[in-house]
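Paired with chain B in one complex and with chain C in the other, chain A is shared by the two complexes that follow.
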Partner chain A sequence: MDEHGWITIPARMDQVHEACGFVARVAARHGMDDEGVYRCQLSVEEICTNIVEHGYENVERTGKIEIWCFTHNETFIIEVIDDAPLFNPLGLPKPDPSTPLWERSEGGWGIQFVRRFMDRVEYSDSDSRNHFRMEKRLS
Partner chain B sequence: MVLVARGRIDSMSAAKLGQALSEHISGSVSHLVLDLAGVDYMSSAGLRELVNALKKVKRIGGDLRLSQPTRRVREVMEMAGLDTIFLIFDTSVDAVESY
Partner chain C sequence: MIWNVEEYNNITVLCLKGALNGESVTSIQDAVLNQIQEGKRVLLDLAAVPYLSSAAVRFLLSLYRTIRDRNGTMALAGLTDDVSDVLSMTGFLDLFHTYSDRGTALALM
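For the complex of A and B:
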């Protein structure tokens, strides 16, 4: 493991920008280009927003989200960890972009953007916590 | 009516966009144009507000048309298939004249 950094935020919508800003700063410091930084930020926003809106929706409001960033073998790695009920967002059905306007439901696109914007995504429930890992090559 | 959005439309700010659009969707037919030239970031929360606004305005016989989306905004719209749901124009003038 090379350089790393982490932040813990309260699982509240008004704190998600802190996570995005943190990831953007660390990614830039590790040599990620502007487009890559943008993609990392948007991915972290989508994951954290899902955790706030759905993960902690019916449980205690004092939940927290940890965001770890580090580089390994020229790959920038972001790991988002939370203690909400275990749930794998990668198991959700993929929304269909050809769905007509009136049949469209509210959500489902955020995780698709994450899949597209990152080179690799992975979920695990080790230690009975939700771990969402995203990888993006630096070059 | 042309509305101009600027900056970052994310999970924090998307509701403001939705509110601004709703305020211009009244009982009368609304022909709206949203200029997105100044928006350099839009997450799924922003797209959700656009879709909700489009449904609202279409229910009363109007439309919400978009102009000048930046490359990043256009990319997420295309990924979600919204480039075929919304009418999108190169300029706000073109969008207004399309009504």
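For the complex of A and C:
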């Protein structure tokens, strides 16, 4: 593992931009190009928004979200960890593109964007916490 | 997120500026939807929107439904490559006329 950094934010919509800004700064410092930085930022936003809107939805106290960033073998890795009830967003069904847009339910796009924008995504529930890991090649 | 509405030849031009994400959508959604009048052609100018998140796509879908329910039509102008990429993934671009910029749209709509 090379240099790394992490941030903890309260799981609130008005804090999600803090996580995005942090990831953008670390990604740029590690040599990610502008398009890659934008894609990392958007992916973190999608994951954090899901955690705020769905993960902690029925939990009384406000939770926290940890965001870890590091590089390994020329790959930038972002890990988002939370203590909401365990849930694997990669298990969600993909939106059906053959359904007319106006008839579709409005959910499910965020995780599709993340799959599209990152090179590899992985979910695990080690230590009874949600870990969502995203990887993007630096070159 | 900054937005404004202008009228040209009976076309409502809705111009958005800034990143369109969960936080900014929440702050503008109700006010923007309230601006949609009956039977209007609406041009959404996104030239100053560098990126969209999925929350923004949901907002655009609400906007489209509101315009349709009020018997209007919607077109898009000024999409950056990143915005275009996201919208094509969701099937959004199949539904609307898109124009390279606002001037072209107003000349052709």
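Note that in this section the second predicted complex is superposed on the first by the 137 of 139 C-alpha atoms of A that agree within 3 Å, B and C clash if a C-alpha of one lies under 4 Å from a C-alpha of the other, contacts with A are read in each partner's own complex, and residues count from 1 in each chain.
Please note the rule applied: contacts are C-beta pairs under 8 Å (C-beta built on N, C-alpha and C of every residue); 3 or more make two chains touch, one makes a residue touch a chain.
Please read all numbers here as calculations on a predicted model, not as lab measurements.
Asker: Quick check on the chain A-based superposition: chain B and chain C, clash or fit?
Answerer: They clash.
Asker: Name the contact category of A:E46: first (chain B only), second (chain C only), both, or neither.
Answerer: A:E46: touches chain B and chain C.
Asker: Would you sort A:D83 into first (chain B), second (chain C), both or neither based on which partner it touches?
Answerer: neither
Asker: Does chain A have more residues touched by chain B or by chain C?
Answerer: Counting residues of chain A touched by each partner, the higher count goes to B.
Asker: Check chain A for residues that touch chain B in one structure and chain C in the other, and list them.
Answerer: Of chain A, residues 13-14, 16-17, 38, 42, 45-46, 49, 95, 97, 101-102, 106, 109-110, 112-113, 116 contact chain B in one complex and chain C in the other.
Asker: Please give the residue numbers of chain A that touch chain B in the complex, ascending.
Answerer: Interface residues on chain A, with respect to chain B: 13-14, 16-17, 20, 38, 41-42, 45-46, 49, 95-102, 104, 106-107, 109-110, 112-113, 116.
Asker: What part of chain C is in contact with chain A in the complex they form?
Answerer: 21-23, 26, 50-51, 53-55, 57-58, 61, 64-65, 68, 82, 86, 89-92, 94-95
Asker: With touch defined as at the start, can you tell me which chain A residues reach chain C in the complex?
Answerer: 13-14, 16-17, 35, 38, 42, 45-46, 49, 95, 97, 101-102, 106, 109-110, 112-113, 116
Asker: In the complex of these two chains, what residues of chain B are touching chain A?
Answerer: By the definition above, chain B touches chain A via 10-12, 41, 43-45, 47-48, 51, 54-55, 58, 72, 76, 79-81, 84-85.
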